[in-house]
Amino acid sequence: MFEANLSPAFNITRASHAVLTARDLDRTEAFYCDLIGLIKSDRSRDALYLRGIEERSHHSLVFHRSDAPPACERVGLRMLTDDDLKRAYDYFGSIGCKPKWAELPHQGLTLHVDDAIGTPLEFCATMDDLPSNLQKFELYKGASPMRLDHFQIAAHDVRKATDFYLAMGFRLTEYTATDGKEEIWGSWLQRKGNPHDVVFSSGRGPRLHHFAYSVPEIHDIVHVCDVAGSLGFEQHFERGPGRHGIGNAFFVYFRDPDGHRVELFNAHYQAIDINHTPLRWDLSNTRRSQLWGLPAPARWFYEASEFAGKKVHEPVLKADPVTLETFLGKQF
Amino acid sequence: MFEANLSPAFNITRASHAVLTARDLDRTEAFYCDLIGLIKSDRSRDALYLRGIEERSHHSLVFHRSDAPPACERVGLRMLTDDDLKRAYDYFGSIGCKPKWAELPHQGLTLHVDDAIGTPLEFCATMDDLPSNLQKFELYKGASPMRLDHFQIAAHDVRKATDFYLAMGFRLTEYTATDGKEEIWGSWLQRKGNPHDVVFSSGRGPRLHHFAYSVPEIHDIVHVCDVAGSLGFEQHFERGPGRHGIGNAFFVYFRDPDGHRVELFNAHYQAIDINHTPLRWDLSNTRRSQLWGLPAPARWFYEASEFAGKKVHEPVLKADPVTLETFLGKQF
Amino acid sequence: MFEANLSPAFNITRASHAVLTARDLDRTEAFYCDLIGLIKSDRSRDALYLRGIEERSHHSLVFHRSDAPPACERVGLRMLTDDDLKRAYDYFGSIGCKPKWAELPHQGLTLHVDDAIGTPLEFCATMDDLPSNLQKFELYKGASPMRLDHFQIAAHDVRKATDFYLAMGFRLTEYTATDGKEEIWGSWLQRKGNPHDVVFSSGRGPRLHHFAYSVPEIHDIVHVCDVAGSLGFEQHFERGPGRHGIGNAFFVYFRDPDGHRVELFNAHYQAIDINHTPLRWDLSNTRRSQLWGLPAPARWFYEASEFAGKKVHEPVLKADPVTLETFLGKQF
Amino acid sequence: MFEANLSPAFNITRASHAVLTARDLDRTEAFYCDLIGLIKSDRSRDALYLRGIEERSHHSLVFHRSDAPPACERVGLRMLTDDDLKRAYDYFGSIGCKPKWAELPHQGLTLHVDDAIGTPLEFCATMDDLPSNLQKFELYKGASPMRLDHFQIAAHDVRKATDFYLAMGFRLTEYTATDGKEEIWGSWLQRKGNPHDVVFSSGRGPRLHHFAYSVPEIHDIVHVCDVAGSLGFEQHFERGPGRHGIGNAFFVYFRDPDGHRVELFNAHYQAIDINHTPLRWDLSNTRRSQLWGLPAPARWFYEASEFAGKKVHEPVLKADPVTLETFLGKQF
């Protein structure tokens, strides 16, 4: 049912970067550098490039200044080599996806294509190489975010999206499904050998639900919350800290000044072996979303960043999550 | 306004122990030993004695089996010597408090008296001496609770309670008051040189809101939540993890099988110097309750353990806290 | 100079397991389960199988009871599928390595072969699938070791060993070399996208220097030291805690009851991108071994587990490391 | 044998501050502020005042610029009130100690006196009150030192020193003694209810062995080591990280640019109760100095800061500690 393609024609290696719009780059820089602790790689009047503390690639987060409503422009994935990109170009063409080459600053050969549900993807194999700050420990601050880890995308058709990524060689680590049926409500897909590079969850889509940075320790998750409190960013706090059942992440979620959602987490596991079969979670099992503590507020479930210029569709499967609001009303 | 008595006739040294009732001691032992990580000092058919990992005194928590509705029997405070107890006996008699001597297992000379708002107190100077487990690191589990730190008591008259404790030599570290007035809504009082041994907050009282154990690290607060999730105690989870503004505690609150509330926290500060003047928080300032994150659910504010045989009074000052429920309804 | 083979004929995915001998399995089990915190998967009179807390594969550590001097029998590597094993069989045969198929309990199809310097390797693609204990948080103890991460092998000819692994598709992340020359003294090689699956360092070889488990946090490294102190294993302590320059591991090293060396560490980085060029460290730069603190004692540099039945050769390059003993004599 | 005076004529509350000389205040400030993470309260051409992150008192560390060989000028202790100071003045006069009043910037009424072994003490009850930075989490860096905790003084006559402090109301928590005898080699003495405010250990004295700051977590001890490595302070590293048996501190020791020694530690316990009898450690028990890991280097045992203008005496009891050097020579 979730057959991985073990011999894809091209080698996607990992979640790479997100390209977003922001209305005020100063405010965006303050949020991501002063609070979250990302490193600024470059800043111009109209663009801000950020990377995690250990990252040597030029950017894992790009903001373009725009007065339009905030949006996500592209979800970036890395391939191993330029040859992979070329084979991917042929592949996407062959299945009717209309790939296009793009020229972008600080990146090598870059391919643009939409996935099966309309998510605008951007693939590249190389970026400008910058020094890692991994051993500049005096720069660790906020959450000390090490590297971009994954994206979660609200998908109107999770099954269709999942099949598209399985065909590209992604492997499924965990999934949620309607109790007693194989109706897929969410899928956790990976290429780099940990729980996920890309996650799809049912909802109005395609929209970017969040991007996530891996941080060293529980301590760092709590410290960034404390710093949010002391620097006056507490309104940006949305959910957590808590422990996801799926993926085992100890997490916190913030909303940036434009409403884009960022997760900071640690404690993923390794998922490499062929006999590491997908773990199923029934939709009725609320432990998938948190092993303890209160449910997420409704806005965590329903709000997400639209993709610039992309139509948003109603979901095929209507999920009815247990939100904090419904939980308090009904059970507590 | 909060003049400390720097020369009290007797030397109260610290919050010492709580005496509570439980309907099923097996269930209580499982909760406190398997989940929270307390050490069992003694267990009979009708009594369970627990202590923190570093504690050498016989108990900081006593449960008496009872089929009656769960209640707190006594809040225990330590004095330095038996001579202090004798001087305290005279003092309490002189102000009309009707002190009584009590004989109890595992404790030395013990004095019973009610405070100004009816809280049943128990004072002693010595207990049976047991080995500390501080350096038996293999016993650290759950939250690795080191020692009992403080009590919070819901008080129908916070001003009256506060004055009673100030007269006994307690010093005020922080307090909440109606904006623009000196109407005291909550008081944080200490003898041992950190933020609090006893806290009073306005509400139906007297009732025991919670007792709190100090834990080593943030890690331990999160670990006990994780263990609660894996051992099936997630329904006992009530609030947190979060950071209190007052006292700076990084906290989590659980409810035990009888509904008694236990706080696990770290990161208090030292409060010894005479010029360490009380820190005032306006009632309108929600940062006093949490520096970031969502407010506590209503039950955290309104539910507490009654004292056995003690009448509960309506509060003089009616607080109207921002609960999670009102917050979600109004603001989020 | 360190050209990776980006299209190897077979897909090695990761360091998988070590097979060692022990004289007393009770003592070995006590060391690895009670102190280190590994999970016992199986135990018979003559064999002990262990795995990390998150591991679903049956074992990452196997001990065979033996009265012979303690030795390492095999270093285990995983391939993706059985087809990879078959292609590897052909490859090893074609280069004169004399591969052999083996039948072993709890593993699928298994291939035995010696590498270029005589290290006895064992490849498989599947093992018996057991439950992960990742979310059984009450089982976390000692160092809470999550998964086997890598091996370090003392090699008499590091260059020859490195070339052999590069040819199999391993990629070099870091290396040490004589100042001003390209004489390779140590090589850090990976398949799974982090700093290393296999490390070669110059010395009498081949011998197994250590195997390493990844742990969640700094806290866990210190806790296992504390537990070693309280359970009476302090004589097994060898080096650390400290921070390696190479690979950035925060580490501690123990010797097990038979003298086999185990590293517990955290804080590796991700190494996936093609432009992640190898990081060179001059042999004279002692920061490669520790960023701060005292050097390792001589025994850490010179002692290692021999491979059963394998001849040990003198190293081609004689390293003269700064040991704790020479450091104290000369500089401090 | 170690009878505490439970009714001292004056109330010493805690270790307060150290006054030291430094040859280059820029270098000293860089060490303590950039690396260790102390907060600068004031700086003039000839004086530097520092405090811990939570401290509201103006300073816990004072450096006077001097071209003379680096020395400690005063060890500072706090009393509760100025009345205590006045009673102490009379007391010291009555026992022939020649107390003197001093006027110092940023401190209230100040009393100077030498203790029984010649340590120059400075007592005050108040200092200028500055804001605590406890909840300015963005200022946490290096070791995030919260507050000064204690001093260790090399004493030529530990028994004489101990008796002097017992008479002032200090209580003994732990001590080292020659095996089978009551010859005291070291004494851990406290007023504030944790393991120690002042420690005496046998050696050429009086000299200041170290002063110690309390830090929040194990994480912070390791982080300051990492930052020392990345900022180029690794030569200032002296001992640790490790766990003391006595006091249970998880510690690291640095030497500042003038050779003064600072300890950063966490995980002390509470010591308040009258039945908390002193814990004896035999001199032959090396676990008192570290529960695991290697012994301290000889310089940790033998080097200390002289007190300005004070004669250094040979110790009455000649200790012969197991140093790292003797340990490596003999046992490892």
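Points worth noting:
In this document, chain identifiers A, B, C and D correspond to the written order of the chains, with residue numbering beginning at 1 in each.
Operating definition for what follows: contacts are C-beta pairs under 8 Å (C-beta built on N, C-alpha and C of every residue); 3 or more make two chains touch, one makes a residue touch a chain.
None of these values were measured; they are calculated from a predicted model.
Using the contact threshold fixed earlier, the set of chains in contact with both subunit A and subunit D is B, C. Contact count check for A-C and A-B (C-beta pairs in contact): higher for A-C. Farthest from subunit A, judged by the mean position of CA atoms in each chain, is D. Note: centroid distance subunit A to subunit B, computed from Cα atoms, is 42 Å. Spacing of subunit A relative to subunit C, judged by their CA centroids, is 32 angstrom.
Shared interface positions of subunit A, defined as residues touching 2 or more other chains, are 135, 217-219, 226, 229-230, 291. In the complex of the two chains, the subunit B residues touching subunit C come out as 34, 135-138, 140-141, 217, 219, 223, 226-227, 229-231. Across the interface of their complex, subunit B is touched by residues 217-219, 222, 225-226, 228-230, 234, 237, 240-241, 243, 250, 287, 291-294, 297, 299, 324-325, 328, 332 of subunit A.
Of all residues in subunit A, only 6, 13-14, 54, 56-57, 78, 80-81, 125-127, 129, 132, 134-135, 146-147, 192-193, 216-219, 245, 248, 266-267, 269-270, 272-277, 291 touch subunit C in the complex they form.
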